[in-house]
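Both complexes below contain chain A, partnered by chain B and then by chain C.
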Partner chain A sequence: MDLLLTLDTGAGFWNPVFWVLGAAVAGVIALLLYSLGEKGYKKGTAQEAPFLSGNPEPEKGLVHVRSGNLYWGFLDAMEGYYRRLVPLHTGDLHDYVLWYMGMTALFLVVVVVFR
Partner chain B sequence: MIPPFVVDNSPALMVIVPFVAAFIAPFAGRAAPAVRALVVGGAMAITSAITLILASDVYAHGTRLYVFGAQAATLAVPPDSGGIPVRIMFTVDPMSALMLVITAISAFAVVLYSLTSERHHSGLGSYYTLFLLMVTGILGMVSTGDIFNFFVFLEILSIASAGLIAFRIDGGVAVEAAIKYFVLSTIGALAILFAIGIYYGEYNALNMALIAQRIQFTLLDQLALVLIIAALAMKCGAVPMHFWTPDAYSMAPSSITALLVVASQASLYGLFRTVFSLYNITLNAACVGWLIIILGVLSMVVGVTMAIPQKNVKRLMAYHAISQTGYMLLGVGVGLAVLGNQPLLDAFGYMAMEGGIFHIINHAMYKGLLFLTAGAIFFRIGTYDLNRMGGLGHSMKWTMVFFIIGALAIAGIPPFNGFASKLMIYESVFAFNPVLSVIAMVVSILTLASFVKVFHSIFMGPVLPEYRDVREVPGPMLAGMGILALVVIVFGLFPSVVVETLVAPAAHALADQGMYIAAVIGGGA
Partner chain C sequence: MTPAEIALLAAWCAALSLFALAGGLLLSGIDRKLAAHMQARIGPPIRQPFIDTVKLLQKENVVPANAIPWLFSAAPVVALVSSVLVLFYIPVASTMPVLGAYGDLVLVMYLLTVPALALVAGGFASGSPYATIGAQREMVTMIAYEFPLAIVVIGVAWRLGAAGISHPFALQSIAANPVWSVTGPLGLAGVFILLVVLAAITPAELSRIPFDTQEAETELAGGLLVEYSGRNLAMFTLAQAAKTLVLAAVIVAVFFPWNLSSFLAMPGLLAQAADLLFFLLKAVLVLFFAVTLVRVAMARFRINELVSFYWVYLSVIGLAGIVLLMADVVAGPLAGVGV
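Entry: the complex of A and B
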């Protein structure tokens, strides 16, 4: 067994221990950069408030972006794909059985033809 | 230290203990819920320990043969049987041992979690009976060397699973999901039984090694192969026979869903066992290999793209389970496609199989973990609807940490275990067909995107007024999730150890039909 615990992946390799060490070094560098940041920042003051162009800030519970609003653009761009794919999921057991039977028949044709 | 009786009889004990405990549990519950918890928890701990003892014995000493009712446990072929192994036997090779390890870890974590997560529900006597029967079914399926016995354990598993999917009733929706699962499982089991009848009629045998030795790949054998492949591909949730999966996974209690993942993988094991150990190079490996690869690619793509628009966290995770099954089918399918071509098998075939098989164990751990985190959230807020969640990271920090570990692992982010197995699949499949590898990588990106959405929806944002009083889940539930999270991290940090110790022997055992036959017909390894 490799003492460095390197995984041979065929064309390459993967060593998570080195990766974690590298990530730790990157983290230290990030902390150093962070420590060079603005020292005059005052927590809990108006400096924390978002700039909303003079509009009143809504209640925090009202500004959470809910799941239904996420990836709207992706779903809209892929509308043609989803228009065909989603209706196949009818929830009807008859359809489930038909798909299964159909695939069994298809497998049989493929296996027998290419025997 | 371990009594020789336990080691020698571990194949039988690992199914007997949960089977007997399944029927003791309801009576124990009549005495007191604590007694039932003790019986169930104790039985599962003993089962897991015996299972791990057996697996380690197999990895140390090679394939284990256990013949029920024989004078000697390894006496596969009685002297007066005409060379036919007539008794039911368990043939536990490294591939079976890997599945045993998966089941032992997952089932123990799940029972630990269930003892708390289900404590307020009624009908727990039935719940634990069915749970332990599920474990019995899975352990039997992945250990048996007798194809009819495989069918019996598959039926035990299916019936118990259907009962548990319907457990919460949920206005009849859970029952509907269970009926769908049960009808499809029964039709699939009938197909498998028909295939077994074909083998028995043709070869006068039910022992898998003997059938493998005699198989001719006649037209009837081709029919039997198709019946088994289709049934088990449906059972493991391969697209386009996956429709039952989101229904059943989302309606079952989350702890059961975690075990259903393992159950699906037992079906996947049956599929791989059939094509490799039963048929091997007698079939057109390239043709059947590509069939499995296409199923894998369809599962990956359709699974992940159907996951993204889901609003119910468990349905979303169920579609991801389908998608991840695609990786396993892809990896092992590539290995099958080049079976018989030794240079290609050595160049990338074994690596693809190892990647696919490594992904089986990884997936069982991180997907089980993710389903348990979904259950933890339901335990506290009573909904799976992502649109009604938010800000739970403030109050359920440990659950959030476990979710992050599972989500990063499933998305293939280093250094978690999903990355290692996916990397093996990417590289080996790239050598076979680069397009397939690119598809697999794109699916990983979409998986990450999907789980970013889930993470944001559940845990991020301000504390919502309706969840102001939400607390972290109790310790035993955290412990159940913690076990799986620990395995995800350890397997991710030391993948080479896992691959060399557990995965590579499993892949080679699967590909080497001669070794499987010799272990039985030769009278034991």
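Entry: the complex of A and C
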């Protein structure tokens, strides 16, 4: 059974069946512990309001964090890189084809030189 | 494999799960105590994380009105299960990994991302701007440290493979053939650099200072976990504890796999007990230098500084380590060592 189900890349290997078995055992223990905890709370009270350091909740649209901020850390940390990279994305297909051909030519030269 | 063997495997997994939880909470307690002493405080007793967890289980489990309830409640359980699961693939003391024949270090690397993804899912499901910002920062942090982590994993396995070790990504092979023992002087420097890189990744994996931007109590009021309470928060606390033990076990397995029983002749059970104590000692030392000392000595990085740190500085340092390992393979036959 193992030989049939273990995924082997030649270097790495993984058997999803035993992964599921391990997850099931850990899951049972986790759920047992979870079931030991207190289940309830006072529904419909201020407990359910979001914690905003005591401030009243503004309209939801105003406090919604947009997904565009997801990569803010990267954009800010590698600002120098993006400052050069973004202007290259002109939206003109001719530019992209030129880049594609130029890079392909470069790779061909590299492959020929290092063969 | 027979049903009896599968049942035995499941029993081992259950025992390891309990060990992951207890050991993780113990290591967290030691970390808090050591940090307190370094700050000239008495600090909480070592058993404090156990007390905290029990107390959390007794508290009300509030689900905020803005939350997505099923995802909000499922995320902590998924985080705990995935944190514990990693330990099944890692050797603990002289015990080889329970599922070691069914997954390798690359799998461990990927499994380590699952608890973080569960945290992110829980944060986004909280419906709180603090938690959303925390979740976004966690995503960025995770993407930032994955590359240097991959450098360490591939560097160690590649060097073992170059030394003729079969299945170099398997943790049994890595533990049975310490990477230090197959390298020459250049390789030793390379391995040491990779150890430093992995130690620098550990606080980020554990969301500890200086890489706790996603929780950042003073800034985001708890960030990802701001809306969590009761048993949901207890699950995240246990997941964090298990992950602490898991990360220590990974560093020990890859870089310090020696056991006392290899050096001292002891009867079977005593040898296993001694190896287990020695493993815990190694885990405490690893966490002291990688987590406790760092979090006491440093302030929090901003998220953009964190990305620069991992993607630029640490990646370059890690690649330098790999270059040294490659140079070691080239120089090895000349010096008569390492291959």
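Here is the rule we go by: the second predicted complex is superposed on the first by the 81 of 115 C-alpha atoms of A that agree within 3 Å, B and C clash if a C-alpha of one lies under 4 Å from a C-alpha of the other, contacts with A are read in each partner's own complex, and residues count from 1 in each chain.
Keep this in mind: a residue touches a chain if its C-beta (ideal position, glycine included) is under 8 Å from a C-beta of that chain, and two chains touch if they have at least 3 such contacts.
Quantities reported herein were computed from a predicted structural model and do not represent experimental measurements.
Visitor: For A:Val111, select first, second, both or neither according to whether it touches chain B, chain C, the two together, or no partner.
Guide: first
Visitor: Determine, under the contact definition given at the top, whether A:Trp99 touches first (chain B), second (chain C), both, or neither.
Guide: first
Visitor: Should A:Gly40 be classified as contacting the first partner (chain B), the second (chain C), both, or neither?
Guide: second
Visitor: With both complexes superposed on chain A, which partner does A:Trp14 reach: first (chain B), second (chain C), both or neither?
Guide: In the superposed model, A:Trp14 contacts both chain B and chain C.
Visitor: Just to be sure I read the superposition right, which of the two partners does A:Gly91 touch: chain B = first, chain C = second, or both, or neither?
Guide: Once the two structures are laid over each other on A, A:Gly91 reaches chain B alone.
Visitor: Common interface residues of chain A with chain B and chain C?
Guide: 1-2, 6, 11-12, 14, 17, 19, 23, 60, 63-65, 70-71, 74, 78
Visitor: Along chain A, where are the residues that touch chain B in the complex?
Guide: 1-2, 5-12, 14, 16-17, 19-20, 23, 60-61, 63-68, 70-71, 74-75, 78, 81-82, 85-86, 88-91, 93, 95-97, 99-100, 103-104, 107-108, 110-112, 114-115
Visitor: Report the residues of chain A in contact with chain C in the complex, numbered from low to high.
Guide: It comes out as residues 1-2, 6, 11-15, 17-19, 21-23, 25-31, 33-34, 36-42, 47-53, 60, 63-65, 69-74, 76-78.
Visitor: Which residues of chain B touch chain A in the complex?
Guide: Within the complex, chain B touches chain A at residues 179-180, 183-184, 187-188, 191, 217, 219, 222-223, 225-227, 229-230, 233-234, 240-241, 243-244, 246-247, 283-284, 287-288, 291, 302, 305-306, 308-309, 311, 347-348, 351, 386-387, 389-391, 414-415, 419-420, 423-424, 427-428, 430-431, 449, 453-454, 456-457, 460-465, 492-497, 499-500.
Visitor: Quick one: which bits of chain C touch chain A in the complex? Just the residue numbers, please.
Guide: Touching chain A from chain C are residues 1, 6, 9-10, 13-14, 17-18, 56-66, 76-77, 80-82, 84-85, 88, 98-99, 101-107, 126-130, 132-133, 136-137, 139-141, 143-144, 157, 161, 167-170, 221, 226-227, 230-231, 234-235, 238, 303-308, 311-312.
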